[in-house]
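Going by the order they are written in, the chains are A, B and C; count residues from 1 in each one.
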Amino acid sequence: MKKWNTINKSTRNNIITIGVIVVIYAVCQLMIAAGAMSNLMQGLLVPLCYYSILAISLNLTVGILGELSLGHAGFMCVGAFAGAFFSKSTQNGIGSSFVGFLIALLLGAIAAALFGALIGVVVLRLRGDYLAIVTLAFGEIIKNVINVLYIGLDGKGFHFSMKDSEALNLEENGTIIINGAKGITGTPKHTTFTIAALLLIAAYLIISNLIHSRSGRAIQAIRDNRIAAESVGIDITGFKLLAFTLSAAMAGVAGVLYSHNISTLVATPKNFGYNMSIMILVFVVLGGIGNIRGSIIAAVILTLLPEYLRFLQDYRMLIYAIVLIVIMIFNWNPTCIAWRKNHSLRDILHSLTGKNKKEA
Amino acid sequence: MKKLKKVVSLLVVTSMAVASLAACGTKASSGGDKFFIGGIGPVTGGAAIYGQSVKNAAELAVQEINDAGGINGVKIEFAFEDDEADGEKAVNAYNTLKDKGMKILMGTVTSGACASVIDKTKSDNMFQLTPSASSKDVLALGNVFQVCFSDPNQGIASADYIGSKGVASKVAVIYDSSDIYSSGIYEKFKAEAAGQNFEIVAAEAFTADSKTDFSVQLQKAKDAGAELVFLPIYYNEAALILTQAAALDYKPIFFGCDGLDGILTVENFDTTLAEGVMLLTPFAADATDEKTAAFVKAYKEKYSDTPNQFAADAYDAIYIIKAAIEKSGAKPSMSVSELGDALRGAMTQITVDGLTGAGMTWSETGEVNKAPRAVVIKDGSYVSAE
Amino acid sequence: MSFISYLIKGISLGSVYSIIALGYTMVYGIAKMLNFAHGDVIMVGGYVIFTVMSMIGLNPFVAVLLSIILCTLLGITIERVAYKPLRSASSLAVLITAIGVSYLLQNLALLIFGADTKSFTSIIAVPALKLADGRLTISGETLVTIPLCILIMVLLTVFVKRSKTGRSMQAVSEDKAAAVLMGINVNKTIAITFAIGSSLAAVASVLMFSAYPSLTSTSGSMPGIKAFVAAVFGGIGSIPGAMLGGILLGVIEILGRAYISSQLADAIVFLILIIVLLVKPTGILGKKIQEKV
């Protein structure tokens, strides 16, 4: 126990979180092997991982950097299409292999990071809700452009068009890779639970290390008081850009996981529109702004909730909305917070075991 | 000590979470005494109307069959799950149904979501018949059958009809560029139009995010002198287009595909605006044949609503599955994969007379062969355009 | 000629955005929250009018009046139940709650009225104006919407600048803590703001559904987002800004669709928004934020 206490607090927290993820991962694998897990749950394992990655990456922007972003799904969309585009166009070569998938992941991250940096440069001039609206605008632009983007591949190389697939002028044996609103079909299914879980752990480590690094402290200083931070010589532009780009890159990775988990990739208001961005924001706010572990827990609970409410049939989304409102009020209302303090589970546990709180 | 407690409480929470996972583990598939058919489609969100129609009509057909003694004496069990017209949710819905014991899939309703499920049914070798997912992508793996026409077929048939009947010489198209169905039909229509004796003078798009104001698209069609406006879209937007065209004093012939069916049932819609609208559709709710009349009556009684073409497709789908089961002599005790093989084999041999077409047959690829009917709206109801 | 025609269409669409944006901007200015449920209040207003007129068969004026009353009550209730408990919480928490309310209203409407589209009978009985031998048509809805929008803007401005309640709104908007010290009832002021915002939503629903007569449970969400964009465009918190932002947004959308690409109309609108914000970081008529050190 003594040794445990000598490790610094953040490392201890990391070990606990990663330990829990690993334990859950192992239990899930055991259950799958034993055939004890429902098909629904098996199908949800990968989405749970990429939603968690999305949640913690957005937490970097919202919680650590303190800027509201409503376009996170846009970065996910860029990553998803970049990764799937690579896998699809090299399907008969490297794209079908594990190395190919790693390249796809990398490409997705780079593409999303590029867009993140681009938006970041714009964002630096704006504050608060104006920033929120620019990110929202960006997400909508991406979705709209991808819906009219046609890219084909034949012997002569790639062909682009913003009109329709006819305008590509493909040769007989050419294939259309991105087909406008029909998106990309037949992306190889490379994403596995193992890869997704590993990437989640990696994302967690990157962000928690960043928070406790010199750069992370600078970023948080900008969040808490920009003017004070500037006055002590912190490079505001540079650090903001760093955080924003990193956040976008991780969303891009989540996008690649998404596109390689589902056989068709289309950009609809449902999956890459502002609704999805808001959904991810809900994960972050519910899990606690700035709380990385909380983001993961919230992402998991809120992804499972609508699935396990299916028995309610038509009332499912209604109940979901009510639960959302109630949780927010329970979490943030001063009276509720006070009530929770007086009735906390830990105190009840302590009183049950006959121990006074102060002894602990 | 405090830290230890924290670790302990975390472990407790984790084990509780795991326990809850296990609690919803695989249930034993529900015996072999019923055919378990699952349905998937959007019943919430923007596309809810299509999923609800399919759900209602399928439940109606299942009830009818069960009341009449089932298929070869075996009853059908039917369950429907929501996919919000989203691919990822569709996969979740599919897995949920599998947990419930589904052996045959009737779905999904929308093309985009359907294309995400096909590789699931492929790997499980489950029989899949979609009532209304009309995109060609749905047939990509060769394991899915369609009740509706595929999009390319509709585009070609429309262009052929307009050209060969000489309906118009200048044509404008208004389509939804963010929708698979709409852009799929438009693309083939355009390709086919090249060889026909009419000219596309304007092709204007709209998207899912801006589908209320069509004044620009209509103005362009009007300025280009289009005598016919082709609308490969759904009837909700078409109703708006008709209203706005009237406000512009623009009165071309409007021509649509099966998505336009239902326009006369839009509540409170001024149906005089739809006068003269032509559409290629396999189903008309006010057709007078016995079958349609009985279906419409039963549907109205049960749901107090007029069925649209999605409902008719779903109703047919259940009866097509019934025909395939009868043809193959499949038993409910068979496994998912055995049922899949048996039904797929039977599909290419059966001929079904349904609401959406007489003498429907299926090719190996999964496409349906049936004759599209051109109808025109006259005095608030469909009449044959021939 | 066609350019003028497109311009008029743009102004007409834009004036609908304006009225919705006015509600957004009022609430934002005072409560400092993005009320994402605002668009859905419009949808509710539409359903109220639809029910009263088509199902009960009452006079349109009664329907509009009822819709305004019900929307106002709804706005006050939402504020009381969902937002007031979170007054001291982070603004993000309120934002998420607003999204929850938005989902709630949409799904309630879906359950009550079903998923099928309802066509809306135009309430505005003004005939269309035909100019230049019928080549230029201005619809009756446009003829009513634009002046009404200007009237509302003027009334609101006068109300906020001159009346006692209006001035307490300004005070709450400037500095909530100081307003409390000056004896202003902050809760009451915010409730009144929500009431005004929601009644504006009801008015917007009359105009919007008269011009675009298609009503479903999600009808309010996209206009809501566009109006939010319009409010930011003009400078959020500013009443003339919301008006200007709305009109500009409508005009850009229509002209972009007409002259650049109908497929990329949405992208063009948002791209121009970004460019404007780059030049004027707080919107066209937005106030420069003074930062306290």
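In this section, a residue touches a chain if its C-beta (ideal position, glycine included) is under 8 Å from a C-beta of that chain, and two chains touch if they have at least 3 such contacts.
Treat the numbers as computed from the prediction; the structure is a model and nothing was measured.
The interface with the greater number of C-beta contacts, when B-C is set against A-B, is A-B. When every chain is reduced to the mean of its CA atoms, the largest separation from subunit C belongs to B.
We define each chain's centre as the mean of its Cα atoms; on that basis subunit A and subunit B are separated by 32 Å. Distance between subunit B and subunit C, defined via averaged C-alpha coordinates, is recorded as 35 Å. For subunit C, the set of residues touching two or more other chains reads 107, 110, 263, 266. Across the assembly, subunit B contributes 43-46, 177, 205, 207, 209 as residues in contact with two or more other chains. Contacts with at least two other chains are made by residues 140, 144, 147-148, 314, 317 of subunit A.
By the touch criterion stated above, subunit C contacts subunit B in their complex at residues 2, 5-6, 9, 13, 50, 54, 107, 110, 114-121, 128, 130, 134, 137, 139, 212-214, 216-218, 222-223, 253-254, 257-258, 262-263, 265-266. Within the complex formed with subunit A, the subunit B residues making contact are 1-7, 9-10, 14, 17-18, 21-22, 24-27, 43-46, 81-82, 84-88, 91-92, 94-96, 98-99, 112, 115-116, 118-119, 135, 137, 140, 176-180, 182-184, 186-187, 190-191, 205, 207-209.
Subunit C makes touch with subunit A in their complex at residues 28, 34, 36, 82, 85-86, 88-90, 92-93, 95-97, 99-101, 103-104, 107-108, 110-111, 225, 228-229, 232, 236, 261, 263-264, 266-267, 270-271, 273-274, 277-278, 281-283, 289, 291, 293.
Interface residues of subunit A, counted against subunit B in their complex, comprise 1, 4-5, 12, 16, 20, 23-24, 27-28, 31, 35-44, 47, 140, 144, 147-148, 164-166, 180-183, 185-186, 189, 258, 262-264, 266, 268-271, 273, 307-308, 310, 313-314, 316-317, 346, 349, 360. Of all residues in subunit B, those touching subunit C in their complex are 43-46, 48-49, 51-52, 177, 204-207, 209-210, 212-213, 215-217, 219-220, 223, 235-237, 239-240, 243, 247-249, 265-270, 305.
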